Structures are given as C-alpha cells and as structure tokens.
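I have a structure I would like to understand better, so I am pasting it below and will then ask my questions one at a time.
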Amino acid sequence: MIGSASPLAGYLLVAALMFAIGLAGALTRRNAILVLIGIELMLNAANLNLIAFWRYGPHPEALTGMMFAIFSIAVAAAEAAVGLGLVIQIHRHAKTTDVDQMNRMKG
Amino acid sequence: MLGEGILKGLAETAKNFAGSYVSKERLTTVQYPEERIAPIEATRDFPFLVYDGEDWQAGLRCVACQICEKECPPKCIYIEKSKDKKPDYVGKPQIYPARFDIDISVCMSCQICVEVCPFEAIKMDTVFELATEDRFGGLLLDRSKLAKSNEYYHTIHPTEAAEVDARLAEEKAKVEAKARAAAEAAAAKAAAAPAAAAGAPAKTEPPAVKPAGGAE
Amino acid sequence: MSFVFYVLAAMTLAGALAAVLLKNLVHCALSLTVAFAGLALLFLELGAQFVAFVQILVYVGAVAILVVFAILLTRSAETPKAGGVFSRTWLAGLSVAAAVFAVLGWAVLESTPWLPQTTEAPAADVEQIGEALMSRYVLPLEIVALLLTAALIGAVIVAMHEKEGAQ
Amino acid sequence: MLEKADQVFVLLLHWLVGYLPAAWQPAAGVLLCVVAIIAVYPTLFALAVLLERKGLGRMQNRYGPNRVGPFGILQPVADGIKSLTKEDIVPFTADAVVHFIAPLVLVVAVFMGFAVLPMGRNMVLVDLDASLLFFFAMGASTELSVFMAGWSSRNKYSLLGAMRAVAQMISYEVPLLLSTVGVVMITGSLSLVDIVDAQNRYTWGLAHWNVFKPWGLAGFVMFVIASMAETNRSPFDLPEGESEIVAGYFTEYSGFKFALFFLGEYVGMFGIAGLGTSLFLGGWSSPLAILNWVPSWIWFFSKVMVWICFFIWVRGTMPRLRQDQLMNFAWKFVLPMTLLNLLVAAEWRFVADLWLRWIAGMVIVVGAYVLMGRVGMRREHFGPRTYRYAE
Amino acid sequence: MTNPATEYAVGQRVGDARLDGRMVVDPDSGTDLLEVAMGPHHPSTHGVFRMDVALDGERITRLKPVFGYLHRNHEKLGEGHTYLASMPYTDRLDYICSLTNNWAYALAVEKLAGQEVPERAEYLRVIVGELTRVQNHALSVGFLIQDMGASGTPLMYAFREREKILDLFEALTGSRMMCNYMRFGGCRVDATSEWLDEVRKVVAGLPQFADEFEQLLCTNEILMARTQGVGVLRPEVAVSAGVTGPALRASGVIYDIRKVDRYSIYDRFKFKVPLGEHGDVYDRFMIRLLELRESIKILEQALKEIPGGPVMDPKAKIRNFRPKAGEAYGRIEAPKGELGFYLISDGGPNPYRYRVRPPSFVNLTILEDMCLGHNVADVVLILGSVDIVLGEVDR
Amino acid sequence: MKTLEEIQAAIEAAVPGAGVEILPNPAPSGQHSLRLKPETAVEVAKFLRDDEELALDYLSNVTGVDWPDKEIAEKVKVTRPVTKTVEGVEQTAEETVEETRKRVEPGFLEVVYHLFSMARRHGPVVLRMRTGNRSDRVELPSLTPVWRSAEFQEREVFDLYGVVFKGHPDLRRILMWDGFKDHPMRRDYVAPDDFEYEPTPHDEVLARAQAHRATQQAAAAPQEGAGQ
C-alpha cells in the first residue's frame, strides 16, 4: 500500500512511528534519563520529517528543511546537555533518577 | 618555556637511539645462547664436592662430618655416614659420606657450607643451566652428580683453588713430616719399620669433567 | 520505496523500540545510538549528506556518549529497583502515544495523493549549505550559536559540584 | 613511465574492473578498493608494531624483538598467530553481546575513515563533498566502542579506563576539529581531495604545504597534540595507563578480540596520520618540485610512516599526564590556541601584503604560545627547582 | 647545618598523630564511591601489595594498605638459626640492596658482641654500600617514572647502569643480588686491586649517567606537572610517622644516620645531604638523584683512600659464635631509610630475639595520608616515591 | 644526652608516680632500657617527646619479645624438724636438708620501643613494657597517639605476639590474614601441619613429613569410601 504511494509517505510514517515510540518512552519510563532518550527520539523523528519534506518538497534548492534539521540538531544537543546535567544534579540531591519519586521542588 | 624539557628529553632519547647502534657502552645486551659473557671467577651458585685423583668415590675429600648439614641455613644438605672407613688424601682412615644429597631447589647459594667446611671438600660451582623437567628428583643432586674433580675446580676458580691446594699441600707436608719423624724415630728405635704410609694420591689424570655452561 | 529504505527504517525503529523497552539503561543508550545511526543512513538515502554526517557526529559521537556518561554518573540507578521499569501511569502514557500515532498515521495516509512525487534528488553540496547559513539563515545561526553557548555554560553550572575545587 | 608508476594502482584497478560487465563496474571498483585498504593497513599495522618495538628498544638501549626471522621481521606474524590461537576469555559477569560487538565497532569505524583519504593522485575511494566531516563523524563513533568495551567487561579498571577514554576523546575532538578549520578556511573546501590539490603547487621549487605557513604550523602542532590524545598515544595514553588501571578498557579482552582493539588503535593512528598529512603536509605531493617523479602514493605512505615514527619517539620519551592535567591542557591550552589560530588564518586570508601577513601571523602564534605556556605553568605551580644541602 | 631554617625545629609537635596531617575528604560528594582493590596483582604495586581504595570518580577517599602476601616469618627463622646462618637471609629482605642489609645485621651483631672491624673491611663496606645506594636510587627513580607511564625508557637506563654495578658485586662476592658478603668482624673475602680498578672505572662513568638522567627527566614539563605538589609530606608528620631516608630528607628534615651516628667510617668522607623543601613526589625524586651524586663523591674518596690490611678481625669466630647475654640495636642508613636490627642474646648460638626494623614497612605508615584527595594515577606515583620493597615490608 | 638515671629522675619529676625503672643490659652495646608502668606509659611517652632537652621525637623501632613461663629448678636449704629416736628416746632436732624445688616463673610479653631524637640527634632510649602474663592480661597502652610510627609496628606486635594495644586506632592483623588464629612469633607456637612435599626430608622434617602423609591418607580414605 505504502509502496505504491509516494515515497514521502513512507518516511513520514516512519517518523510518526518513531515519534510515537519516543513519546511512549518519555511518558511511561520511570528513569529520567530514559525520559530524555524518549525526547531525543521525538526530536529525531521531527528531523526525519524535515529532511523528507526538503527532499520531496517543492523548493529543495531553498534548503529550508535541511536548515531546520541542522538547527534542530544543534538545539537537541543543547537540550541533551542541559537535561542530563539536570538529571545528574537531581540524582545528587535526591539519590534517585526515578521520575515518580521526583515530586518535590525542594531538595 | 613550555616544551623545553620535552624537547630536551626527545634529544636525549634520540641520542640513545643513535648511540645504541654505534656504542657498545650503550647497547650492553648479550645475546645469550650464542654469545656469553666471560665467566667471573668469584661467581657461585650451587655447591659441589671436590675429589682428588681419578676415582671420585675414592678421592672424595668429604669425611661426612656433617658440619655443613648443621650450618646450612635452608637445610638442603642431607648426609649419611658410612659404616666403614677409607683413607683420605693424607692416608688417614676416615669415614666417608654414604649418602650426600643437596636439594638445589631449596639451596640458596649462600656459600656457608663452603665457609664452615674444615676439609675443603665442598665448593661452589658456576653451572647455571640446570633446567630440568623433573621438579623434585631432577633438582636433588646426589653424590655422583655432586662430585667434581679438583681440576674442574681449578678451571672455574683458579685463584681460590690454588690457595686451597697450597694449604692442603702444606698440611699434607706437615703430616708427612710428622709421620716421617715418627717413622724415623721408630726406625731409630727399632730400626725395622719401612718408611711412611705415603700412598698419597699424586695428581694423576682424573676423567676430565667438562666445565659446562658459562665457561666459554 | 526501495529495499534499502525498508532495511533502514526497520533498523531505526527497532533501535528506537529497544531504547525505550530494554531494562538495562546502558543497553537503552546503545540501542539509541543504533536508532541515531539508522536515521543518519536514512538522511543519506534522502541525499542529505551533510546532515547525515552532522547527525553521526553530534548524536552518535556526542549525545549518546553524554547519555552514557549520565547513566554511569547515576550508577546506583542503573539497575531497576522494585516497582518495575515503567511508571505508575504507563497505561495513560501508552494510550496517549498510540493516539498520537493514530492521528499522525491517519493524516499521512489520508494526504498521500496530495504528496509530491518528485524523485530526482536535489543537489545540496556543502558550499550551498554554507552560503545559505551565512546569508539567508545568518540570524538563526547566530541565535543557535548563542543558545549553544548558553546551554554549554548552563550545563556546566548545573552539573558542577557545589563546592569549590571539585570537578 | 613515471606517470605509469604514479598511477599504477589506478591503472591496475581499471584493468581488473574492465573485465566485468559495465553494470557491475562501479560496485566492483569500490569493492576492490575496500579490499585493498583492508589488506594494506593491517600490513602497515604489523610493520608499525615491529617498528615501535624495535624503535623503543633502541631508544632504551635494547635490541628489541630479533628472534623471529631475520632481524625479527617475522615477529608480527608470530604475534598474530599467538593472538589468533589464544583462548578468548569473556568474564563471567560480562555483558557478552556488547563485549563481543565493541572491538568490531571500533575496527569498522576506524576503517570507514579511510574511504575519504586521498592516498595518491586519483587514489581516493569516494571523493565526498564533506569528506573532512565524514572522517570526524567516523572518528567520533570510535568512542562508543571504547565505552562499550569498558562497560561490558564489568571490571572496575575497565570502567575507569572507558570513562577516561571517552572524556579524553570528546575533549580532544574539539581542538582536533578546530585545528583543521584554519585549513578549511584558507582552502575553502571540506573535501580532502581539494585540500591536497591546493597544496600541490610550487614556488621556487618548494611546495605550498600548509605547515609552512604560520597558521598551518600552529594548526599542525595542535593537530599533532590532539591526534596523540585522540588515538590514546603516550603521553596521552591514560585510558590504557598500564601502571594505574592495568590496561584500561581492554583489560578483560584476550586473544583475537584484543588483537582487534590493537589493530583498531593502530589503524586509527594511520587514519589520523593520513588526515594530518593531507591537511598540513601536502598529502601525496612531494616537498620539492624536482622530486615530483617519485610516485605520489610513496610520498603519502612515507609521510604517514614518519608521523608514526614520531609517535613512537614521543612514546619512548614521555611520562604520562594525569586526567585533570589532560583536561586542563585540552581546554585551557590547546583549545584557545586553536581558536587563536582561526584568527591567524583569517588574518592570512584577508591581509594581502605578503610580509605583513607573515610577520603578523608568526608574532601572534609564537607570542600566544610563549605567553600561554608561561601562564599555564605558573597557574599549575610547577617549574624547575633548586635544592639545598646540609653538611 | 647550612640552612637552619629547614632544620626540624624542636617544639613543633603533632598533637593527635593520627588525625594531624590528614587531608579531610568529603566522602559524600553526590556520586557513588567505587571500591577498587589495587593489587595484589597490579602492575605498579612493586610486588604483591594491595591497596583497598575507595574512589569518588578518580579521587581517593580512603586507602588501606594490605600486605603480608610475602610474609615468611623472617624473624622466626632468625630465631631458629645461628647468627651466621641469618646472614644470607638478610639478603632477601630488601632484595635490591642485599649488601646494606648485610651491613646492618653485621653492625648489630658487632654491637652485641663488641667486635672490631679492620679498616680495610670498613672501606670495602662503604664502597659496596654506596654502590648499593647508587643502584637502588637509580632503580627506584626508574620505577617511579615507569609508574608515571614512561614506556620503560628511564628504567632501562637505570638497569643498564645497575648491570655494571651488579657485575662488580658478582666479581667481589660471587653473587649479583644475594651477596652474603659481610661477616661479624669484617668481610668474607678481600677485594683484589683489579676489582678496585673496575670500580673506579664504573664510578667514573656514573656522573655521565646522572647527567643523562637529569637531562631526560628533571625539567620535563609533564613530569613536573605530575609530581610537583603531589603527595606532600609535611616534616612534622614525617618525623612522627618515623619516615626515614630520602623521603624524610625530601620533607626538609636533616637526618642522615651516616651523619648522625657516624657509624663505620663515614666521618672520614666529605659529603652533603640534599634537602627538599616541599616534601612532594618531585622532591623525593630529585633527592634520590642528588644523593646518587653524593654517593659517587663518597665512592671516589673511599677508592682513593682505601688502605691495605686484613678484611677480617682475626679474633672473629665463624663457627660456634655465641655472644654473651644482652641486647643491641644497630642501625644504618640503608638506601630506603633506617634499617635496624634488634638482637637479644641469651648466650646461645641462636639469637633469642631477632628483629628487623625495615624502612619500607615504617615508611608505608603514612601512605594513606599522602594519597587522600589525590587521583588513582597519583597513588601509584606516591607509592613509587616511597620506594618500598615487599620482601622487606612483609618479611 | 642525659644519662639514663637523669632521664629517670626527669620523668619522675614530670610525671609523679611514673614508676620507671632501669633495666641494665650486660652486652657491650650498653643500651640499657627503661621499664615503664603501663598505667603511666602514655604520659611518660608524651613527656619524653615534648621535653625540650630530650626531644625524643622519633620512634624508630617497636617490637615484641616473648618470655615464656620458666621452670626454675633451684636448690634450697630447708631446715625442718626431724624426729629421731635416739636410744629409745624420741628427740626432735632441727636438721638442714638441701632439696630441689621447682618453681615456675610466670612468663610475660614485652614490648620494646627504640626512641631517637631527630631534633637533638641523640639516642637510642629504649623503653620496655611488660604484660601481666601471656594469656589473658596482655593489654598494654598504645603509643600510636604519641608517635605515629608505632601504628603499623604495634599492629605487627599484636599480630605476631598477641599484645593488645589499648588506644590503637586500627588494631587489626597486618602480616597474617584476618582469619588466622594464633600468634606465630610466640616461642611456644606450633606450626600447622601443612607443608608440601620436600625431596630431601630428613631428621625431624622426615618424621613430620611421614606424620603429615599419614594424616592426609587417613583424611583421604573415608572420602574415597563415601564417594563410591
């Protein structure tokens, strides 16, 4: 079914599935680091969308999708750094990385 | 400046790298099985028993006094005295070791047995290629393996051996002189007895014991 | 839809699934790198060479390592304790994710006929990207640079020991 | 004739591929190149190991291995057979799968880097647009394998070694990358083929190698330092610091897997050396125009081997740094120097006057080096001391 | 006393010896502690030695030395053997410096029995003792740099020189390492004049070796960065902990038993005692190099002045040696520090009590204090700079 | 340096009731020692360390000595009444008889400290302390708080002799392993029967080897039976 359809649809479906997996991971896992992993997956899924749209979009020479992807990667890197820094700091304070137990703002 | 010491060090290793090709002072390695360093006279490793003459059993200087056995720090010497006696180099009948074992897996090459021996019977060897497949039996040397000729002793420790021989000759001369004096006295008295019991084992040719290892 | 695409998609999705499902955190992180690498290969297949290399450099080379480091620094949490690896509200989370996927999938499949069918790969060499970054996208670039600097400093401060002299 | 010698491998490839149907030719060509790379570099690795052992031996006034074959040249063969036939031990508590994959990941990632290295005139597997970026992307992946090895062994020394290795490689990747940016700025390309081509020009018979320019020299020095750290070579060999953490991340590896790590490390060294050669030492170009008749690939490989010899020399001389010093050195010395070097490169690019740009460049580079060295040593409170005596 | 300022001043006291000088390390810095047993099979523990280490990251928060793997109850053996038979056993204490061990034991017995040593024997003792010191210091510095990760180059240079000295030992005593050379009342054999010429030749070559070593190492930035300020041992703590030898002098305390006790004939030689100021690893490293040079000076003087005469006291007895009841403590400045023998005689052929006071063992007391707060990499260095030999620590 | 008598006087002046006595040493070394009472030992040690003139800041050597119970046979002249019958008359007379009496002199463990001064460069001053007996009264005060160098050496004395040092910060076995029970340096210590085969066993070693082999065979035999 997909094979007969546009190749873009395939990429979009993969991206959607990946996004959903990431979302599920972020929402269901207890460990804060895994929550971050889920978020990374979601960002990557978005990147795949961007690149796929750039490739099959009407104006590939404008490079818009690619630019977005590059910026997104940069932002994701920053997000990962800060997020993991936070997790480590929380672990230092609360001795846990379990998001279920991180229910207080004050250490 | 940062990096100066590092550059100095690099220069030093470069010097040694080049030096190892030209200078024997730097590359001191001796390629062992093919090349051997000249034997050092004082070297010692494990004890052996000296014998005079050709027959090792007859010429063994050891009289089984067991002093070395007692003094040996790791207690690696085991001696059994003989029941009978045989004449020693001055002709005095002495007991001899019926069994004389040295366990060189225990021996620590300290040379104390040599120092305490009053009969110059035990000396230190220089053989070091003693590897064996039998851990216990192969390293337990008995009389026959321990006995080595005085000539062999001369080849490995010439200076020391010469001193020892001189000392022994002196002793023997003293004994002989005494015996002669006694004999003369006896002869003078009884004028009958033949002179001397000097069946001294002169330096005949004993079987050449090969100076193994390290002697080349 | 080529064979290569299916292989890469399967690899990416398997990596992603493993990353959220596995028990051992380090295994999760390693599966995540598989997903990242698969994605990079998908980018390559799409003709976005530069982005693919950047993806590997940043995600495999940096983010994955960062994750792994964080896992090691919080090592006591590495092995799951009693209570399972999933949150108490896992059912809700799962249904939300499923719903999102349903909506997205529906949208994609519904719009298939309108999606473009162009197949010739657009050229995007490094020179073009550089020029675009320096001309049209120079403002976002500067902002991202600022953001990265801020994030760098922020991450260092957050993860730093409170005490003086420690790393 | 000389032209033929230069292109001998290219011609050989064409000749071999020519027998195949046209549709298979591109794929077969690539395959043959890959086979060639996989054959050549492990051979070089064996040679380098022998060279290292002999060189170190000579520096330490020893002979080095000299028993297997004439002058010991068959020692690598013996080593290879030994490591192949050795028992492969996997610790009982180890994560067997990851433990198994780790050396493979390393070797694969390391070999991928060679795809973009121009090893002679027209001798490059793929001329990518962003080949420099590709090389670094592959280099970054090796960290993962190191971590996998260290973590999966379930050994505290391995873990410490892996942590050290990853921290070190991440830290030195930044200056490594930045030290090459000057070259990219001046050449205006990320393609290694273009970069080498740009250096293959001659003035008064002397090549235009990047290392002969102030920004190139500074970049070169920083690249050498960072590459030593990136390949875990002495004095930056903390990850395997044998006197501290036994063998670091491959403590628990034995037999062929250990050999793979060893191989990966040395081949990685060749990769970095090849990259540095292409970036700063003119790749396959000859230093003097009159030496142009020597085949280009000979130049490339001899430069790489000289680079390796330098690594060996340094290893024979230096003690090892400590973790925090290593980090400080990366972030407080090498990184600022590389950033400054970008300034010099920009100055070089935009100042037209020949003398002025030379003088300004040299002044900035040398001045900064001396100043930062002084400040660094004072800040870390070390320096030569004098001693007093009591009668 | 050229520098009174560095002399250890009276009244500078350590209150609670256990707590003083200890770096306080916060064990709870958030990350988990990693407990590592460094050793007994570790490349740089200088034998079978273990350190139970707790790490915060790579920082040491606790370190407990564990040893005894090489324990063979040396002292019990000594009580079961005659005085003479213990002599070869002393070779095996600090197996790098067997001759100084011989010397210390001979000195203790001579004190116990009130024996005299002929002059030539004293000179020979000084010569072999200082040669031992030279090779020990060269070796320990080599090992220290080896622990620092220097692929063996300095160590190999040290071994190269040591080889020459060991050849001398072999030519004199018959054995390279287990010399068993000294006796109560002298030395076992006399040295020939050829041997003394050989020694002169070797000694003449030593300064060049020291120069090369210094050229290679002393100003190396990496070495300085690694060793300076690492493992600082303050003089008060060092004195209280009984640290002796180069480690003590590196902390700036003037205490060299060769100068203090003036045992043997050390008052005849002109030599100086190098002093450190910081008491860190670099100082300990440098003090060894400088002491090596001073030893060369002593050797030159001794070789020039050596008289003729016998090497054994003619009154000395080898067999049936039975000192009168009593006790004695004799000590010398061994290369690693104060090596003492404490002997109690009950008039029998064996000592009633035979005690070794090994320098390495006592110097280890302070290891934890020096290591706390440093890195794993530094621990190895600090241990190397203390210069231990497990044969002596475990006995 | 002060003589030992002067040191004794100084100690008595500084620490009243110190009860230090001088034990002479007949050997030519002339290293006489001071015997401290355990109760005042730490105070005396502190004085010795801190006194300006003595300044014994360096504790070089700590060691134990074992003096087992000694059986002393001595001849004693005893006068006792003897009843004799002399000529039918019982007379009680005193008579001096020589008889051998055995008495056991109780043993003790002794700890010896050798002190030097690094500041004043003199020494040694030898200190001794004795335990009450060799079994249950083996406690002595630790001098580790005064001189740090006693730390490992006192641990060694504890390990090898069994002297328990009160106030020692970390009194564990040091050379023997933790599970080890006995104190091997005591003179009545019997080595365990665990030696390996020696190719030249003779005399007592041979006897022990044979006994050892016999016990091993005895131990192995029932196991083999159980295995079948």
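By written order: A, B, C, D, E and F. Residues from 1 in each chain.
Here, a contact is a pair of C-beta atoms (placed from the backbone, for glycine too) under 8 Å apart; a residue touches a chain by one contact, two chains touch by 3 or more.
Remember, predicted model here, so these are calculated numbers, not experimental data.
Enquirer: Going only through chains that touch each other, what is the minimum step count from chain D to chain F?
Expert: Minimum step count, chain D to chain F: 2.
Enquirer: Between E-F and B-E, which chain pair is linked by more C-beta pairs in contact?
Expert: E-F
Enquirer: Please indicate which chain is farthest from chain A, where distance is taken between mean Cα coordinates of the chains.
Expert: Result for max centroid distance from chain A is chain B.
Enquirer: Can you figure out the chain closest to the middle, judged by Cα centres?
Expert: E
Enquirer: From the C-alpha centre of chain C to that of chain D, how far is it in Å?
Expert: Centre separation, chain C to chain D: 29 Å.
Enquirer: Please tell me the distance, in whole Å, between the geometric centres of chain B and chain C computed from their C-alpha atoms.
Expert: Centres of chain B and chain C (C-alpha means) sit 80 Å apart.
Enquirer: Compute the distance, rounded to whole Å, between the mean C-alpha positions of chain A and chain F.
Expert: Here the centre of chain F sits 75 Å away from the centre of chain A.
Enquirer: Give, as an integer number of Å, the spacing between the C-alpha centres of chain F and chain B.
Expert: The mean C-alpha positions of chain B and chain F differ by 44 Å.
Enquirer: On chain A, where are the residues touching two or more other chains?
Expert: 91, in rising order.
Enquirer: Quick one: which residues in chain D touch 2 or more of the other chains?
Expert: Only 59-62, 159, 316-318, 324, 377 qualify.
Enquirer: Please give the residue numbers of chain E that touch chain D in the complex, ascending.
Expert: Within the complex, chain E contacts chain D at residues 1-3, 6-7, 34-36, 42-44, 55, 58, 145-153, 156-157, 160, 216, 218-226, 228-229, 254, 259, 272-278, 282-283, 286-287, 290, 375-378, 380.
Enquirer: For a test of understanding, state which residues of chain D touch chain C in their complex under the given definition.
Expert: 95, 98, 128-130, 133-134, 136-141, 143-144, 147-148, 151, 159, 163, 166-167, 170, 173, 189-190, 324
Enquirer: Spell out the part of chain C that touches chain A in their complex, as residue ranges.
Expert: Of all residues in chain C, those touching chain A are 1, 5, 9, 12-13, 16-17, 19-21, 25, 28-29, 32, 35-36, 39, 42-43, 46-48, 50-51, 54-55, 58-59, 62-63, 66-67, 69-71, 73-74, 76-77, 80-81, 83-90, 92-94, 96-98, 100-101, 104-105, 108-109, 112, 115-119, 121-124, 128-129, 132-133, 137, 140-141, 144, 147-148, 150-152, 154-156, 158-159.
Enquirer: Which bits of chain E are touching chain B when the two form their complex?
Expert: 81-82, 84-89, 91-92, 153, 157, 160, 163-164, 167, 170-175, 178, 180, 188-189, 205, 212, 215-224, 318-319
Enquirer: Quick check on the complex: what are the chain D residues that touch chain E?
Expert: 56, 59-62, 156-157, 159-160, 164, 234-235, 237-238, 241-246, 315-325, 377, 380-385, 387-391
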